[in-house]
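Both of the next two complexes hold chain A, though its partner changes from chain B to chain C.
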Partner chain A sequence: MSSYKGFQFKTYDFSKKIDTTVDLIDLIDELVGGDIKSRPEQVQWIFDPLLQAIEELKFCQANPDKVVYRHFTFAPEMIYAMDCVSFVPEALTFILPTEYLCALVDEGRDLGMPDHWCGFLGGVLAPLMYKRLPQPKAILHCNQPCDNSVAQGTVLAETFPDTEMFILDNPYTDDEEAVQFCADQLREGFSYMERMTGNKLDLDRFREVMKNSARAYELIYEINELKKVSPCPIPTSAILRVTSVAFYALTGTERLVKWLEKHLADAKERVAKGIGGFREEKLRVVWTMSWPVFDYSVYDWMEEEHGAIAVAYHSAEPFYQPPPDLDYSTASYDELLRLLALRNNNHSMGRQGRGSLNTFVNDNIKWCQEFKADGAIFAGHWQCQANWSSAQITKEKLADQGIPMLMMMVDQLDPRVVSSDQMASRLDPFLEMLTDRKMAR
Partner chain B sequence: MGALQTLINYGEGNPNATVGEWKRAGDKVLGYWCSYIPPEIIYAAGALPYRVRGCGATGTDKADHDMSPVCNCSFPRAVLELAHNGTYDYLDGIIGMNGCDHSRRAFELWVERLSPPFHHFVYVPRTQKKASVQKYVDELNKFKTILDKFFGAEINSEDLHESVALYNENRGLLKKVQELFKRDNPPITGTQRHHIVNASVSIPPQELNRLLRELLEELAQMPPSADKKVRIMIAGWVGDDTLVHQAIEDSGGVVVIDNCCFGARSFMDPLQYDPDQQMESIARSYLGRMSCPRMFASFSERFGEIEQLAKEYNVDGIVHTRLQFCDLHGIENVFLNQRKGQMDIPLSSTLVLDYIGQDEGRVRTRMEAFVEQIRG
Partner chain C sequence: MALVAGCDVGSVSGKAVLFDGEKIVSSAVIPARPVPVVTASEVLDLAAGQAGVTQADIDYLVGTGYGRVKVPNAQKAVSEITCHAKGAAFFNNDVATLIDVGGQDSKVISLGSDGSGRVMEFSMNDKCAAGTGRFLEVMAKVFEIPIEQFGEAALRAKRCLAISSQCTVFAESEVVCLIGQEHDLDEIIAGICDAVAARVATLVGRVGLREKVYMSGGVARNTGVRQKLERRLGVKIWELAGDPLITGALGAAVMAMEYLQGHRQ
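Presenting the complex of A and B:
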């Protein structure tokens, strides 16, 4: 039973023996896809990116010669431009039912995986090593956001020794030099893709993909602008999971653009009517770093109990400015590469992880100020070393601005480490304090 | 005092006695974090390159304020603690790089909290792609320009040339010392060699060359150790600490070789220097030498090196180590274990270490049991 002050959170059954050898793609299709399709039509659209991601997984299963492995912070546009489909092993950890994921993490530990290894990558160690996932034609990897990703590269290299990998060295800085460095590497990346897949890069196709990508970022920018309005028109939980899947996996596709247009129209309508998400907005918080993939009802609890809406979250706010203006019908290869470099360098989680701690600090200050937050919640995945080492300074710098920050340890994927009710018990006094402060003002 | 003892003393001291002499002469000392930052360039600028270490730290309270001990490696925390408690106040500056997440953030926190007089971050790519090698060349050129400005004098190609020659001589002499361990009964212990390597990254290179030449003469006179010992290789990371070496050697083993960073990795490969392409050759050489798991997907290469070194040094057993919370060496453990069947040599189960607050008894028991198991 997982409850806090009468609020019922999701419960799990870890006593059942899980068969981890089942086809994970079929399982996701059946359980997650099936669940989405069974929902009422008026809410089904919200989950469309998830359905699209599942369809891509199914496509990979059926078309092994089109499968390109991709790290979750390597922008997918390159793959769409090359007319292939990306397979992101780590994405399974976002989508899989919790009990399965935990069983996979345990299996990874049985293989000798260090206990502290982040479940994002550790959750797929066993399926990779036991070769239960599709064989890739090519592998695009990178070394952001963290050492876990570099270590994951070892897993892929050892699992698929005959498949050459393309590895993007993510830069440390955010200057023009860093963009150029990334663009130069992406040029090498396209040659690699041509060599590995036998497909020739079609510039028009690349233009179209980058146009869709830029449009998606424009839309998310507009949606974010609307979230600055009080009451915030978008509830925290309903959209968070989907938006993160969309931006980690689907940028460059037309279907994502259509979804975001609907999302924006919905938000605009709410703003026009002066209505918020589900419940009355009393507190505005910035939720930074990890979110409990296993149970979004923590956000429902925050809203119900404290009227606290997470108006900005680290992993669903990937772009900070609208993308630069460009005429996509005539854009040159170099211009497109530059845009794709910007996209990679600003990938959420990647951006804060690859760079200096000041990027993390400044991004958080910016979000809190722009979104008029009453407080910030750093929910740090317990193994996330670089971000934990940025948190204390962020807290101090936010305090200088009069914005309190809670530092809370979580495991993004595994409720056995920190459960929803434990999270609620940490959040409760903090949110109470924010309410008192607000009332006193 | 002979060269051996002098080098051991230097290796044990943090700082060692040469630092004081260097400073008294009015010269600068620059700390650097990792072996992917070429000391050749720092030395060519006229400063003593001093690789920062954690030895001497007895706790990590101040470092832990910013770097949670629940997920961060105790080595960089120990280094940061020493910076907090003033041990590194003699440094005129500190150079960081992206070795691992822990050391990168520890450097940044040093800068943020302690405002050293000079600091610079060298970005080092993790691959050898064309664009990445070029990026490292650009980074090294930038580093040189920044040092030129800091010292008010330009590093000319002759300075760099001489510095590279000195450091290559260091490596060659250290390798000669290392090769003595191919003998059945090496004249010194692996613990002593580890101190020598620690000294080698923190004393002036001419002084090191002089002492190493003397040492080689001393060693030529020394009788071989009497009894036959179990020959152990350490693979992984133990930092500048000597506990694991001591535990093995107190149990009747001898550490004949390692692939560690404070170890063979730092001297086995000479820098492949081309005077006509100075920075290019330095960059290529550093990215291509005996690698560290920070380099992307490089395990196979390292496994090959381990196999080869194990053969060359006639190794009886391999002790595999890592520090707690190290992702990079952590995954190495998984695959070394997977491939152990390919080697005809016993491999210990992973010895997970804490740099600070080590449970010495546990390490000694584990090493004793492993040496005993090999002896049969």
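Presenting the complex of A and C:
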């Protein structure tokens, strides 16, 4: 085990030969789903969105006629409304065990993927090109300004030449014109989906999906309001993987709403009792860009060593915009399209990836201020150029608010780029500095 | 009177300082052993012996440096950033920017203006040998001269040849070529010192320059690098009122006293 100040971080055995041709969905079901199901029931519910996502993957395997590929910043509600299921190739890399992910990245490099591309596309490039993944009936892509996203569009177009692709042009601004611009495209998107899937859009179904979606956002807003309390009743690290899966992939489903209702009840109870996370809260930090996915024990170490509780993760937290008052039983198609456009424009990472840097910077200031952050951490996913371009200005603007920000490079998925120990060597002095600042106040 | 210690286990050397709360009682520096625990034990024994005591007489011990978790019997392990800032402020309470260029990393620390050694901001390079003592060691081997002579050579040079500051491996190849082309050796060495200064100046830019600026770490003794850095930054770089090599260990010792006296939890 690798250790930092005696704390045991995860280690990996890269010497083991990995069969990259195994069915990745079966693998995830067995290893990740199996692990969750082996936990006590009172804990299992916390991970339900992951189980739901895995079930959807299994559904894709069994129902190829319903599979629609989706870019991870394209809201899933459209697909649910068309009685289909979305498949996000990159999402597999988020859930795969690290050794498998790294073996797939290496396979991608053998195919000529440049070294500077990260694991998100790298981890699925070979499975895509060798058609080891479910085949799409339709492909919903967008113009997210990320090398991986751009390349992925090309890969999908070349790998599935007989499957027409719909590409959403994300608007630059955040005004009413931008919403209408997106809504008009989504109208075309539904026509595209009808053509590609053979399904007709059922307006009642669309109403139900958007009602669930709006409710999910209302609930996470309430939960986040509670997380602003000190001690934070639910340190985000405890459920980060789960909420990010939930809001990237499952909004529009009734099952997610039920989970969020339970999550909210738990949060209210914890606040009423003054309960925080597992460890004493001494510092509150907000992660302002990405976060390392390959080793969650880094967050445990931060809490154990410094009492540093991660209260929010900018790129994972859904941006809350109150949904308009709508009678979902009678809402018109235009009203629903507008709501979906609002939702899509504010999708996690999509909101941050499009438009002016002001959005990224101002959102981060808002998160840090409202969650009463003692400090911020910019864990820049390497080669994420769009977001790295915001790093220095974010740091300076947060400094103007009296909030120090640490910049460090990571690969969210691949520990071979920056290991847990290396991250800790950056975090350690930063958290010491925050502690000293707090003591001096 | 209480006796505390700080032990800085680095990649190139191990340092220890014994401190009584007011002054340095003793200090020691040894070349690093392959095993950090051994480095820590030996350098602490040496420092304790110089003070006429044993390790058992140390009331509180703080470890720092890359091997800080391996310091036996240390009550705390504290990052080098924090310790270097503390140590520098103890030597000179007007340090605003501290540049530490060590064996395998370099860091720039901006300190609070109250003289307490509090860290306000920092930047570090520990992923690449360029801009660190390792870069100079590699080059010294190429010239087959002791690294201690690098500074004088750089100061003698009439001009400074441009050497890559991006990569130690590439820079080494460049230097070998330049020597083969019979360029003036002092001018090549001046270029090497400037390459280190260029990398360090970038780190300073990230943190922001505030005066007064001091240097710590082994490379602080390299007058060539210091001169080049002064030119690049446009400010005078002051010398700490003590051995720059023990700054981290001293800071760890100062922290040890703070912990012992309950000023810090």
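Just so it is clear, the second predicted complex is superposed on the first by the 438 of 441 C-alpha atoms of A that agree within 3 Å, B and C clash if a C-alpha of one lies under 4 Å from a C-alpha of the other, contacts with A are read in each partner's own complex, and residues count from 1 in each chain.
The rule is simple: contacts are C-beta pairs under 8 Å (C-beta built on N, C-alpha and C of every residue); 3 or more make two chains touch, one makes a residue touch a chain.
These numbers come from a predicted model, not from an experiment.
Looking at the shared chain after the overlay, A:Ser356 reaches chain B, while chain C stays out of its contact range.
Counting the residues of chain A that each partner touches, chain B and chain C differ, and the larger count belongs to B. In the superposition on chain A, A:Asp428 makes contact with chain C only, while chain B stays out of contact range. Applying the stated contact rule after C-alpha superposition, one finds that A:Asp184 touches chain B and leaves chain C untouched. In the superposition on chain A, A:Arg437 makes contact with chain C only, not with chain B. In the superposed pair of complexes, A:Val88 makes contact with neither chain B nor chain C.
When the two structures are aligned on the shared chain, A:Leu340 is found in touch with neither chain B nor chain C. Look at A:Cys384: by the touch rule set out above, it reaches chain B but stays clear of chain C.
Those residues of chain A that touch chain C in the complex are listed here as 3-6, 404, 422, 425-426, 428-430, 432-433, 436-437, 439-440.
Taken in their complex, chain B has these residues touching chain A: 65-68, 70-73, 98, 100-102, 104-106, 108-109, 112, 121, 123, 125-127, 129-132, 134-135, 138, 293-294, 296-300, 322, 324-328, 330-335, 337-338, 350. By the touch criterion given at the top, residues 66, 68-69, 77-82, 112, 118-122, 124, 126-127, 264 of chain C touch chain A in their complex. For chain A in complex with chain B, the touching residues are 111-114, 116-117, 125, 129, 141, 143, 146-148, 150-158, 161, 165, 167, 169, 171-173, 177, 181, 184-185, 187-188, 353, 356-358, 382-386, 388-390, 392-393, 409.
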